[in-house]
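Chain nomenclature is as follows: A, B and C, assigned in order of appearance, with residue numbering initiated at 1 for each chain independently.
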Amino acid sequence: MTRDHILHRIRTALGRSAGQAVADPPPVRIRIAEVDREARVRSFTTRLEALAGKVYYVTTDAEARDLVASAIEGKTAVASNAPYLRECGITGIAGVETGITGRDELRERCAAAGVGITSADYALADTGSLVMLSTPREARLVSLLPPAHIAVVPVERLLTGLDELMSILPHPGDATSSMVLITGPSRTADIEQILVRGVHGPGQITVVLVG
Amino acid sequence: MSVEFDQKIHDTLADPKLQLAIYTSTARLKQNRINTVAAEVLPDYQELRSQANAIKKHSIENLDHYLEEFERNVTARGGKVVYCKDGTEVSDFVLTLAKERGARLIVKSKSMTTEEVDLNERLEHHGLESVETDLGEYILQLAHERPYHIVAPALHKTRYDVAEIFSQSLHVPNETVIENQTMLARRVLREKFLAADIGISGANFLVADSGAVVLIENEGNARLTTSAPKIHIAIAGIEKVIPRAQDLATFLKLLARSATGQLLSVYTSFLSGPRREGEIDGPDEFYVVLLDNGRTRLLPDKEKRQTLYCIRCGACLNTCPVYRKIGGHSFPWVYSGPIGAILTPQFMGVQHEPGLPFASSLCGACGEVCPVKIDIPKVLLDLRNEVQKAQTREKLNRWEKLAFRAFAWLMTHPRVYELAGRMAAAMAPSVDSRWISSVPPLMNLPPVRAWLSQRDLPPAPERSFREMWRQRR
Amino acid sequence: MGERVALFVTCIVDQLFPKVGMAMASVLEHLGYQVDFPENQTCCGQPAFNSGYRQEARTVARHFLDTFANAERIVVPSGSCTSMIVHHFAELFHKEPETLERVHAMEKRVWEFSTFLTEVAKVEDVGARLDEVVTFHDGCHSLREMGVREGPRRLLSKVRGLELREMQPAEECCGFGGTFAVKFAELSGAMARTKIDAILATGAGTVVSVDPSCLMQIQGALSRAGKSVRTMHLAEVLASR
């Protein structure tokens, strides 16, 4: 069998035997900076805006709701099933479809929608990233198919960066089949190195930090 | 070197459009990288490189262990690992699965590993439609060309080239505005994503402790490839495995910066098994194909196995003064640039293109920018030695071998060396102190001719240093 | 000082650019060193090593080790030749423990010229004068294998009348690469022309380097292009009064 053949070749090449123990790998390198909330919001905003994303920082759920309502005016929107979106009243905005649990229906609605609205599990301040785990509450395609993506995120979920994320979530695979770090709008420079946004994923990304 | 290699280099050097495209694209990528790894911007850069090198070294030296751990965890999450020794086994697996599932349409995200084994060609030969979805790769697929660069595959194409390719293949009117070309591709490919039965991706990393595949991209095509179709197959070389998810804290800080000067690529996906209970979308079936294709042949060599540390960032290409002149298609195989120069001979044998390890001035810029600290110049030197030994065995380098034997003899017989120097100086023309653009026929040996084809030679000095030294006493 | 230094002038300086060797000797003597020239010296073996001929390189390397066995300090007007000795001799003899010991002892005694001045003689001002606008070419082996970058610039900054202008882009290979220059001549020539474009853009009248092979490549290309910019080894600049 190819599996045994390949593993055997590997072991022979390395001078190892089957089941042989390994020395410890180099210790994991995680360095978490001390950054207060204000600075984190500033950093997140600067980073994402540098990538042509939009960032808003509001204090109340109601403000968040109003912001989203005006952003999606005149457009069709699909909202994920994140409880937070319901809490903010966003799922109640006219024109927003939500509560979809069927895969085919979700895909169809997302493909037709102008905006995808989600929350996010975390955000990363040092890179301007969103962290989204695929769960019954957050489907993958809501942040991927529509040409615009709005994420409404409680500011407590804003981490300093990747290191902090990896220390909180050392085994993302325990929680989900898909964790995505989203850093700005979809882009390419494949033709003459000219930047174009919104190739396959959303070309517009808006993050509303709340709290 | 082969005539073919020589010809391809010449053709690229002689094409001013190509020269401009290659040079300016790589210049931008090169500078972007410098901006994001500069000491003021990333003070930990050298430390991160050392850490990345150490992790890769450990992973490769214990590769069987981590592959088995990876496999256990993939299986535990409901996925399946398939070991394949070569391209035939890969396509057999895909074809069998496709047949069993009645699959006809495949979407693919960028994977140099699948280029190694010409996967698309094999699948198409058996009647499947396999569509590249990365914009650059899509353009090349339509043009029936190989990637020009690991990260920027269509670097050599202008918008006019793209307009022609699209209008011929997609039967659309000629469109030269880049944004419109991109939107056209988006429309066409979106239909494919949503209709595809199988999504095939590569893998930037295979995470052993999670049974996960990490995909790094900017367009969103890898996310769509792995989220829309019901079946996801990730195809990766066995060397891609790293021990822990937390090691990504090291690698992710290096990869995008080294490749394009981004802090992080737009999408970093961590995919572990098919969709879980309750997840609304995602694939129902998750396969990881672990490909050998010659990697195990490389492994025994303790000095050169560092070649397998590569994380395919392309930084070495962008900084290489040779790549920046000869471009990706001068290289004999799918991997180009400095990493290609050391990978290809080790996969294909040094006789595949004996000139390849010599197509370098050994400037060392590649080793300096490699995020995992592969000592590319050292491997190149090792490979040169191997080429020489192979050619000596085959008696292919008789004259050169003789010349270097003579060189060694001359350099260990100082009086003869001095005499030889005086004789050569006497033969050489010397009009005042001007540099020479031609020599008498007796001196016009191939190396002299080659030198003079591009630049002038220094005039022979009146006296050598040692003669001057003696005379000042 | 009166301390002795031995010159390893390198085969290329000996045969093609002897004035570089004389300039280097002149600077060292000006600093009070007693300069020796072991007559048996020839080459460091780099051409053979770079072309994959390790057996032949070893032969030449052994001759070097013998020639300089008794020299306490060896100064070399070439970063790439110095690198061959201090970095690659060990690779050549990794299977010969006795020779390897001699190599390791040798590694401590061999100095690239500018490094010798700044690190051993610990001087930056050697009393030179040269009224020229110059640009400095960082040879790749000197730069990346020997870490030579700031030293020559500090030395040049003390030369009276000299103005230094940096090339853009900096730190790009001139295309010499040893036998590469003739095995891949057209490519090497293309790289040289890119280098001289950068040089000409500075407006400097002189290119300075610590590597004679780079200077040969660059001057060869300048001359072929009909340009009057000249090249000087750092030693020649520092010997100018």
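Keep this in mind: a residue touches a chain if its C-beta (ideal position, glycine included) is under 8 Å from a C-beta of that chain, and two chains touch if they have at least 3 such contacts.
Note that this is a predicted model, so its numbers are computed, not measured.
Enquirer: Of all the chains shown, whose C-alpha centre falls nearest the centre of every protein C-alpha atom combined?
Expert: B
Enquirer: Any chance you could check whether A-B or B-C wins on number of contacting C-beta pairs?
Expert: A-B
Enquirer: Per the centroid of Cα atoms for each chain, what is the distance between subunit A and subunit C, given in Å?
Expert: 53
Enquirer: Averaged over CA atoms, how far is the centre of subunit A from the centre of subunit B? Could you give it in whole Å?
Expert: 30
Enquirer: Hey, how far is the Cα centre of subunit B from the one of subunit C, in Å?
Expert: Each chain's C-alpha centroid was found; their separation is 32 Å.
Enquirer: Subunit A touches which residues of subunit B in the complex?
Expert: 21, 24-25, 28, 44, 47-48, 51, 54-55, 58-59, 61-65, 67-68, 73, 77, 83-85, 89, 133-136, 139, 152-155, 157-159, 162, 178-179, 181-182, 185-186, 189-190, 193-194, 207, 209-212, 218-221, 223-224, 226-228, 238, 243-250, 252-253, 262-276, 278-282, 286, 290, 292, 296, 299-300
Enquirer: For a test of understanding, state which residues of subunit A touch subunit B in their complex under the given definition.
Expert: Residue positions touching the partner: 1-3, 5-7, 9-14, 16, 18, 20, 22-23, 25-26, 28-31, 47, 81, 100-103, 106-107, 111, 126-129, 134-136, 139-141, 144-145, 162-163, 166-167, 170-173, 176-194, 196, 198-202.
Enquirer: In the complex, go through subunit C and note every residue touching subunit B.
Expert: 9, 11, 13-19, 21-22, 25, 37, 39-43, 45, 47-57, 59-60, 62-63, 88, 140-141, 143-145, 169, 171-173, 175-192, 194, 216-217, 219-221, 223-224
Enquirer: For the complex, which residues does subunit B have touching subunit C?
Expert: Contact set of subunit B toward subunit C: 1, 9-10, 13, 27, 321-322, 325-326, 355, 357-365, 367-368, 381, 384-389, 400-401, 404-405, 407-412, 414, 417, 421, 424-425, 434-435, 437, 446-447, 450-451, 453-458, 460-461, 463-469.
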